[in-house]
Amino acid sequence: MGNLRRVPVGIVGASGYGGVQLVRLLMDHPEVELVYLGGESSAGKTFADLYPHLGNIVDLKIEAVDPEIIASRCEVVFLSLPNGLACQITPQLIEKGSKVLDLSADYRFSDLATYIIWYGTQRSDRSIAATAVYGLPELYRDRIAESQLIGCPGCYPTASLLALSPLLKQGLIVPETAIIDAKSGTSGGGRQGKINLLLAEADNSLGAYNVARHRHTPEIEQICSDLAGHEVTIQFTPHLIPMVRGILATVYATLRDPGLVRDDLITIYTAFYRNSPWVKICHSGTYPQTKWACGSNACYIGIEVDPRTGRVIVMSAIDNLIKGQAGQAIQCMNVMLGWDETLGLPKVGFYP
Amino acid sequence: MGNLRRVPVGIVGASGYGGVQLVRLLMDHPEVELVYLGGESSAGKTFADLYPHLGNIVDLKIEAVDPEIIASRCEVVFLSLPNGLACQITPQLIEKGSKVLDLSADYRFSDLATYIIWYGTQRSDRSIAATAVYGLPELYRDRIAESQLIGCPGCYPTASLLALSPLLKQGLIVPETAIIDAKSGTSGGGRQGKINLLLAEADNSLGAYNVARHRHTPEIEQICSDLAGHEVTIQFTPHLIPMVRGILATVYATLRDPGLVRDDLITIYTAFYRNSPWVKICHSGTYPQTKWACGSNACYIGIEVDPRTGRVIVMSAIDNLIKGQAGQAIQCMNVMLGWDETLGLPKVGFYP
Amino acid sequence: MGNLRRVPVGIVGASGYGGVQLVRLLMDHPEVELVYLGGESSAGKTFADLYPHLGNIVDLKIEAVDPEIIASRCEVVFLSLPNGLACQITPQLIEKGSKVLDLSADYRFSDLATYIIWYGTQRSDRSIAATAVYGLPELYRDRIAESQLIGCPGCYPTASLLALSPLLKQGLIVPETAIIDAKSGTSGGGRQGKINLLLAEADNSLGAYNVARHRHTPEIEQICSDLAGHEVTIQFTPHLIPMVRGILATVYATLRDPGLVRDDLITIYTAFYRNSPWVKICHSGTYPQTKWACGSNACYIGIEVDPRTGRVIVMSAIDNLIKGQAGQAIQCMNVMLGWDETLGLPKVGFYP
Amino acid sequence: MGNLRRVPVGIVGASGYGGVQLVRLLMDHPEVELVYLGGESSAGKTFADLYPHLGNIVDLKIEAVDPEIIASRCEVVFLSLPNGLACQITPQLIEKGSKVLDLSADYRFSDLATYIIWYGTQRSDRSIAATAVYGLPELYRDRIAESQLIGCPGCYPTASLLALSPLLKQGLIVPETAIIDAKSGTSGGGRQGKINLLLAEADNSLGAYNVARHRHTPEIEQICSDLAGHEVTIQFTPHLIPMVRGILATVYATLRDPGLVRDDLITIYTAFYRNSPWVKICHSGTYPQTKWACGSNACYIGIEVDPRTGRVIVMSAIDNLIKGQAGQAIQCMNVMLGWDETLGLPKVGFYP
């Protein structure tokens, strides 16, 4: 049984942290074979040139990016590129029949006008973009299963939306009171030599950035609006935390019904996510630590109600590089190919 | 000139992180002489037994705690004890004429009923407690100058209140919309062998704790109510951050006047704190990093307005062991003794 | 094929960091089923009581430790107990037919007199102890395959011996010149509330401990002596590093033949470890980072020769909880059961 | 009293970590006034543009580097520049009468041929260079007092030489057996955007670099040779540690007299450093943590003897940016100007 023929998959943009996680996870996936790694600046190098510890483990070379060749070799293509590049090669990949999972922002927006405002890039692929599905399986599992093009969510939106969705979908909160105070490890900033990401600067320090103007805001609002059934504006503040991996989103909102208690909400969340194996609702009185999720594709959600203020506080913890990036893309692939959603993904965190 | 006679000061409870900071800072203070260290469990030890790096630097022994003897030797006494102990020796110290700066929660509450509910301890020192002043010089400088007993603020309240005070005092926000999302290094948990404070557990992780029930909530609310002129309820959520020192409070509130812009608020804050040398208002568009404050007694405040949501977001960063604890107590002492508020306190952070 | 019947395995002492790694790795192992978790102090608890993130993932209860029952249910038993306890239950487990892998020091010494001197515990299981094999498969693969009782190596000895073995076995160095300067993350200190392991103490600090008297010294010397064919005395110094996981051993020794160059030694090491899939020899001029190994069972070895001093410097990096503990025990189990040595063990590090 | 007239001092190359430490420490120095900051790439900026937390604290502008102007305004000039630049402006500064303390490697070598081999730069300032004194006051206090030009030691050599000097000076060890295994925080790599210094790469990892070829090797050997009275070759290996600040040097050497015990050596070290207030010899059985030294100008030295191997192991801990860089330069200035060696320098570490 099994694996008589593995599905050939490729990665374009394999040199960053998203790329190396995709490589690691896809190598261990029982139903796929990693056959292609592509990149512009690193073309010609071996993967071990970029990551010496993978010498003799990953023996693929980074190849130049030619959509026609990629499509001829890969049934599934993961794009892990800076914003504004995926939209240049995706139309060809789609036309040639590959399934495409884009990890950038290019295919996350149903309304390209929003993308253009926040990302400052014009687009000529409107008809293709219109076919893309937002790759959060917990919300859009059925549409992902039928799609050929997935715009995988950002790391912050993943943690934020999993925390907010049951509340918005079921009309339990006043949407405009929602505030997301999000905290991320520095690997979210990518593998690039920026001063503020140096250990000497970022370690033993903490600060907010892009307050009131982070690009993940419209992405979160788009899905929140879809869930609420009307336009929703959200307060979102990201912070850089002195750790490598992990995101915690602390979400505040005012309950419409002040009589709801913590255990009511735990029941509601548990029901909402009953078919979502990667979402773990914490026991009453327990709040998640990001370390619980590090190394796994799980999202841990803790819930509290403050009867003094009438607010619900929801905390959600993920590994920003797995459920927030590479793992979620693979989860989407599993759904697209009709496989078990958990296939090939780590269930237990790396703890400690 | 100077130092013809230094003021004799003592510390009761010198073994913890607050204590070792008090020792370090008082040793460098030009107008005082550290003449007494007291503690119950460590009585008889030298300070170097507890902190080997201070051998030959601090040559005081830890003595047993006898209020009469302490008062006879110290004009000023710092109490750095677990909650519920300061109130047992303070009456005697006050009676004998010492000035007392208590770093615990015992003298922070003007209404002891609130203290008793949140701290679960009965009190028999009501008349003394009624004379205590809340030791946040930026708000209560004049009263501190005239008081003999100071209840020094908690670390979280210090960061939170410095961020909120101008808004509340001037009626700029709807008070019940205020949310404080606070983040602290693990030294705030003290020098005790708790599993959750181990490096192996706390490093590269992040989580909230005591959500909707942290004891600093009523302390913050008491001062906010004083500033607003009526009862105010506040949402406060603390988080443990994988770093040794530092607190960042990210404060959200809805502006009454949606026409206010960021620079209006920067002007207002700058004016509000014009006589407060330890508060540093960041330039427009700049947000504080906790590392800026580490090692100094400064509080850095950054301000943002989100015109999309009508909220102000204020970020304040302190060193939890200095402005949040030992440094602030010394700042209060400076005020009590009529000295310059900055005397003997580090102005520039330890950066990087 | 496969898994028609999985081998039932158990863990005694599952609550520590070694235990939780064993649980995580054994759950993903394709040929075994984890059927038993045992512990004294935590008997009656679920594993999720100890590690909340494993709720709904590991649903075994911790049971009391009864060797007869354990042996009746488990073909293979991992003992992850403090030193001096394994030797109390192992004789019964062996007698009843279980294969035993002990992660403590109890069965590492061929000469119990050495154990008794360094560990201060008397022993009444000499005949059983005499059958134990030292569980370093790279050196004792054949004997492990035929044994029923394995004394798994300490974390420091694993890194140290993999670095030193080719040099000693082939007589390339003057043995008494060997110095091992070893550095470990704090998880090696276990999940216990010790002051010196607190984040506030251990983070951003570094120090040596147990200099010239660490208990891993005689363990390293025993194997070095076996390799050299005569008694060897080794200098070993451990250091605590501000990180969770990982060990780096920097090994210095004087070459007998001053004409040997770096690439000669790389060739020799590569040949020595040609049948050892978990040992990765770095390219010429490349030195290992512990992060490369974190999360995998690999040991990365880098080699340098200093022609000015005539010394070889060998650096070896492992994950102290995997190749240094749980992973190596599973590697030994694979060898004992005739399986591929790499079965069920992670090949690629968790990087970054 | 005093300070009737403070000595005017300047810093060339103030933008890096060494520079910001010099600024912080010189601002607090009671006998000097910081009147000049110079830099090429940052000329025209305020210091607060580089370090926003110093707005309103340091109000100097970075000026272009004109030696004539600098010398006219500064009695003492600190040069904190990349290697090979100080030697271009020092001759003019010296000629105009300024005292110069160079923190780069340019004036550390009495034999410029060694400098040229290891640093690859030609030199045209031989006569000036010949007047430079190596700025380690514990060894060369008298010569520093009489010199106009100081080549301040590197960070690794400072920790290494303070550990080795008593042994070499008194002929207690076989010099060629000396091995220095050194560990440094990442701030030693400077404030530049290098991938390997990113938090995501360097945190929770550890590795050696420049093995057998680090440029601090000849610097250490030069002083060791001076102490021993003949040419000495030393083994030196640096490691990058996941922390911001601090160096630990673990030094191994074979004792000539195997009868020496630990307390003999503690006595010898204590006597050797009896006039060196910054060197702290640890009590018997105590080994230094780098955290002890962080924030102070102290060097903590711990000593152990291994009777089994006949070796002495000396551990020395410093703050790489203070005793290893800026603090030591100021200590040298104090000596040059006839002040107390401890003037203006922090005695107690920042702990925790």
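Points to keep in mind about this one:
Letters A, B, C and D mark the chains as written, and numbering starts fresh at 1 in each.
In this section, a contact is a pair of C-beta atoms (placed from the backbone, for glycine too) under 8 Å apart; a residue touches a chain by one contact, two chains touch by 3 or more.
Predicted model, so just to flag it, every value in this text is computed and none were measured.
For the pair chain A and chain B, chains touching both partners: C, D. When each chain is reduced to the average of its Cα atoms, B sits farthest from chain C.
Of the two chain pairs shown, B-C and C-D, the one joined by more C-beta contacts is C-D. In whole angstrom, the spacing between the mean C-alpha positions of chain B and chain C is 46. Distance between chain centres (mean CA atoms), chain B to chain D: 36 Å.
Centre-to-centre, using mean CA coordinates, chain C is 39 Å away from chain D.
Under the contact definition stated at the top, the residues of chain C that touch 2 or more other chains are 17, 185, 187, 191, 200-201, 203-204, 242-245, 288-289, 291, 352.
Residue ranges on chain A touching chain C, taken from their complex, read 1, 17, 20, 23-24, 27-28, 51-58, 187, 191, 203-204, 244-245, 280, 282-283, 286, 288-289, 291-293, 295, 298, 300, 347-352.
Here chain B touches chain A in the complex through residues 176, 179, 181, 183, 185, 200-201, 203-209, 211-212, 233-235, 237, 239, 241-246, 248, 250, 252, 287-291, 294, 302, 304-306, 308-309, 311, 313, 315, 317, 352, going by the rule given at the top. Those residues of chain B that touch chain C in the shared complex are 17, 185-187, 189, 191-195, 197-204, 242-244.
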